[in-house]
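Presented below are the structures under discussion, each in the form of structure tokens.
The same subunit A turns up in both complexes below, where it pairs with subunit B and then with subunit C.
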Partner chain A sequence: MKVLSIALNTFRENLRDKLLYNLLVFALLMIGSSVVLSRLTLGEFHRLILDVGLGSINFFGVLIAIFVGIGLVSKEIEKKTIYTIVSKPVARYQFLLGKFAGLTITLFINTVVMALGLLVVLYAQGVPVEGMLFKALALIFVEFMVITALALLFSTFTSATLSAIFTLALYVIGHLTADLKVFGAKMDDLSRGILDGIYYLLPNLERFNLKGHVVHHLEVSGVDLMLIVAYGATYTAVLLFTASLIFHRRDFR
Partner chain B sequence: MMPNSDLVVQTEQLSKVFRVGFWGKKVTAVGGVNLEVRPGEVFGFLGPNGAGKTTTLKILMGLIYPTSGKAWLFGRELGDPQTKSRLGFLPESPYFYDYLTSREFLGFYGHLFGLWGTALDKRVDELLELVGMTHAKDLQLRKFSKGMLQRVGVAQALINDPELVVLDEPMSGLDPIGRKEVRDLILRLKESGKTVLFSSHILHDAEVLCDRVAMILKGRLVACGKVTDLLEQGANHQVELVVDRLTPEGLDHLRPLIDKVVTQGDRMLIVLKSQQQVGGALEILRAAKARLVSLNPQKGSLEDLFIREVSGHRSSSERRAA
Partner chain C sequence: MGGLLLLACVGWLQGELDRRQDRSLVQIEGLAQLPQGEYLKPALLGYHHLGADMLWLKLVQVVGKKRNSADEYEWMYHALDVLTTLDPQYAYAYYAGGVVLGDLANRPDLSIRLLEKGVEANPDVWNIPFLLGYNYYFLLGEPAKGAEYIMRAARLPDGPSYLPGLATRMAAEAGSPDTALVFLEARLRETKDTDMREFLVNRMKEVIIERDLRLLERAVESYLTKRQTFPLTLADLVVAGTLPGLPQEPFGGEYLVNSHSGSVSSSTHPNRLRTFFKRTKPPAYLFPKIEPLYSFPRTWE
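Moving on, here comes the complex of A and B:
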């Protein structure tokens, strides 16, 4: 119940945050502009709309997750509002979970709004909508949760600016980790071991990217989809657990 | 030392050392503080800025972990979730969720104590009434003045009807009216049987409100006790006379009894060395046909005591340095 009330309060805070609306407007503009861009290509304009549309949803969602996510905890500490919560019978992990859940609700609604924008564009342009699109959207949302948990983890022990930089860096790296495997395969055992270790430690965000599948009409089996979701959920849970451990020992000066 | 369950707050050699800067230099914010707050009293925790008041309160509230020493609330160790439901805390100049209205704001804190529905609405209305904010219940906190914020802050601390109310610098930054309102509120809390622990660097407030006070300086307690006892210690037992039309000869007679004279036209302010001199002085004045305007025994103030402690501390540390 305490987690829920903190989540709802966080959600309300997000709703009254102008940053969120700015990002949302830009996302919708980008999705809309895919129509114009598609006119510049020869043939294949369906693909371009889908690619740019899903790409925009992903990009702006990640921006919201990072820039709202880093403020979740640091703003509370800076404004001393956390003092009034931690001094009440609320465990620190409950506070973190509430904050995380609140932003998750916000991101879910955002994803739905952006997806509706994309569907409107697709419908207007007569692009057929396949089930794969919804699977791709679902995994984009799972990626948002991983990113939010990352931002939250960093913000439990460092400043908002550094958290943003670290999270953005990990977002980029997370989409390139497959290269580590490729590099490792060409190296000696020790280097390969180290690179493999890093590979498994870092989030493999490319797993959540089904844009190619949507554009090229490829299928992903139900089992694979479940495994990817399970991977995202586990990774998020581990991040939140680590964040709670750090947060538990922290002094609020 | 064993925890005493009759005490509301008890600390034993409570210390906090912070590490600051790149090299992690150690700075002692609180060094071995022993405090006892009894049920039903208003306890003032006094000291200049940066003396360690807020750090001590934060340790008690579970926001900072002590480096060493122990503390108990209601006879239970810190961190016991049960004690937190018996506390209310108002941090120093907090910036509350300014996107909320006061009703939503108090509602949110009510939820954290499992209050929902009509029970919550009733409690929120009561509190807004208590702190005199009923007129602003649907106004967003961003539109509040500092005094209004402080009042809903106090309301927030009282949402669970706590036995112990801890206020960190509740009067700082408020205008005289705001300060009086907070003072009245503290007295009302005491009347309703609550224990109030508040920190302040405004000594006058403490003098008026507190049953007992503790003074902290550079992380260490320098004085602790009943306000009346401390005032007695702080008193210098001098007597101030205001006299009209005292002749120079009369003044010469009076000289041996006087510590200080200030002349303003016909009127003189005379400070006698001690209360024993009053009888002699009055006789001389009568003989000199001067008119006595007023006679005031000097009452010590916490401020006098405080300034003495601070300067004593400085000179002793200067001696050590030399």
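Moving on, here comes the complex of A and C:
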């Protein structure tokens, strides 16, 4: 209950954030612009609309997750509003969970709005919509959750600027981790062990990328999809748990 | 007011820079400088399909020009190679790229390299091996290899029903104009692009000329054995009964016979279609270029 009320409060607070609307408008403009771009291309104009649409939803969603996410805790500390919450009978982990849930709701509504924008464009252009599109959107949303949790984790122990840098860096690294395994395979046992360790520790965000599947009408088995969602959820849980541990010991003076 | 003036100034400066620095030069050279696909792909952080789309958009604008230089076609191949590394399932890019490199650029080597990459990544797409067959048959004059690829295309689920017949004909009558006409008709049926259709119709007419010339050559030969001399005009062949009637030249010209040598030719196309002749020397594209032929600054048409 306490978590829910913090979540709803965070959600309301997010809705007042101008950054959110700027990014949302940009995303919708990008999705709309794919119609103009598809006039210039030759051959498969469907894929251009889908690629630009899904790419925009993913990219702007990540920006919202990072730049709103880093402010979740640090803003409260800066404005000293954290004292009024901590002094109430609310456990610190509940506070964090509420914050996380609040931004997740915001991101969910954002994703739905952007997806509706894309669906309108697809419908207007007569592009058939397949079930894979919704699976890809679902996994994009799981990626947002992981990134939000990352941003939240960093914002529990460092400033907003540094959190943004760390989260962005991990976003980039998260899409490149597959290379670690490739490099590791070419090294001796010890180095391979270390690289493998880093590989399993870092989030593999490329797992949530099914954008290409939508365009090429490829299928993903139900089991794979479940495992990917489970991976995202578990990773998020680990991040939130670590964040609560750090936040629990944090001194607000 | 001042702001508007400044904005107009920005617009003018932008236009002036565009005019001075020739946009198309920047665009085409950009293709040559693209990093290898293997390096570009990870840098796109999962947006590589979108990257392939953007590259395709840029490429289409370059190909949109009526004529490109030999270097530009090489850069185009490089860009297509990068694009298909970013998105190996981009079947349309292989096909369209293969057509441009093979038919328009006359670089069957590059076209085939691209298409073979396509076959490997998309074993279920029929029109990639189909175009490979076309390239081997028409551009390289290797009908056996061509037939092999058409057979492969014919085995795929979506392949049109005429493919098996075409493949067997190709294998049986390698190098015959009638087979070529059937093949070209098949290509024509698959093409919606008006420029490409024009090219194919033109090519069909050229093949018809080749077919007619072969017919006339045979008639002249039997005329020679009958009368011990070459005919003065082609009409003599009909009079002598070695030819039922004179074929019509498809481009609106006429067929001519040399009464001294007995050789026949078309008034519109004095040179014969090289496709059906075995090459005596390797084509120019097989020789590696040692240094680029261009120097800066270079102007583009």
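Going forward, the second predicted complex is superposed on the first by the 253 of 253 C-alpha atoms of A that agree within 3 Å, B and C clash if a C-alpha of one lies under 4 Å from a C-alpha of the other, contacts with A are read in each partner's own complex, and residues count from 1 in each chain.
We adopt the following convention: contacts are C-beta pairs under 8 Å (C-beta built on N, C-alpha and C of every residue); 3 or more make two chains touch, one makes a residue touch a chain.
Note that this is a predicted model, so its numbers are computed, not measured.
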- Query: Regarding the shared-chain residue A:181, is it in contact with subunit B (first), subunit C (second), both, or neither?
  - Reply: neither
- Query: Regarding the shared-chain residue A:37, is it in contact with subunit B (first), subunit C (second), both, or neither?
  - Reply: second
- Using the touch definition from the top, say if A:46 reaches subunit B (first), subunit C (second), both or neither. neither
- Given the touch rule stated above, what does A:211 touch, subunit B (first), subunit C (second), both, or neither? second
- Message: Once chain A of both complexes is superposed, is A:9 in touch with subunit B (first), subunit C (second), both, or neither?
- Response: first
- Message: I'd like to know which partner A:172 touches here: subunit B for first, subunit C for second, both or neither.
- Response: second
- subunit A residues contacted in one complex by subunit B, in the other by subunit C: none
- Residues of subunit A that touch subunit B when the two form their complex: 1-2, 5-6, 9, 12-13, 16-17, 79-81, 83-91, 249, 251-253
- Which subunit C residues qualify as touching subunit A in the complex? 42, 45-50, 53, 56-57, 60-61, 87, 89, 92-93, 96
- For subunit A, which residues are in contact with subunit C within the complex? 37, 40-44, 47-48, 51-52, 55, 58-59, 171-172, 175-176, 179, 205-206, 209, 211-212, 215-216, 218
- For subunit B, which residues are in contact with subunit A within the complex? 18, 58, 61-65, 81-82, 84-85, 87, 89-97, 99-100, 104, 108-109, 111-114, 153, 156-157, 160
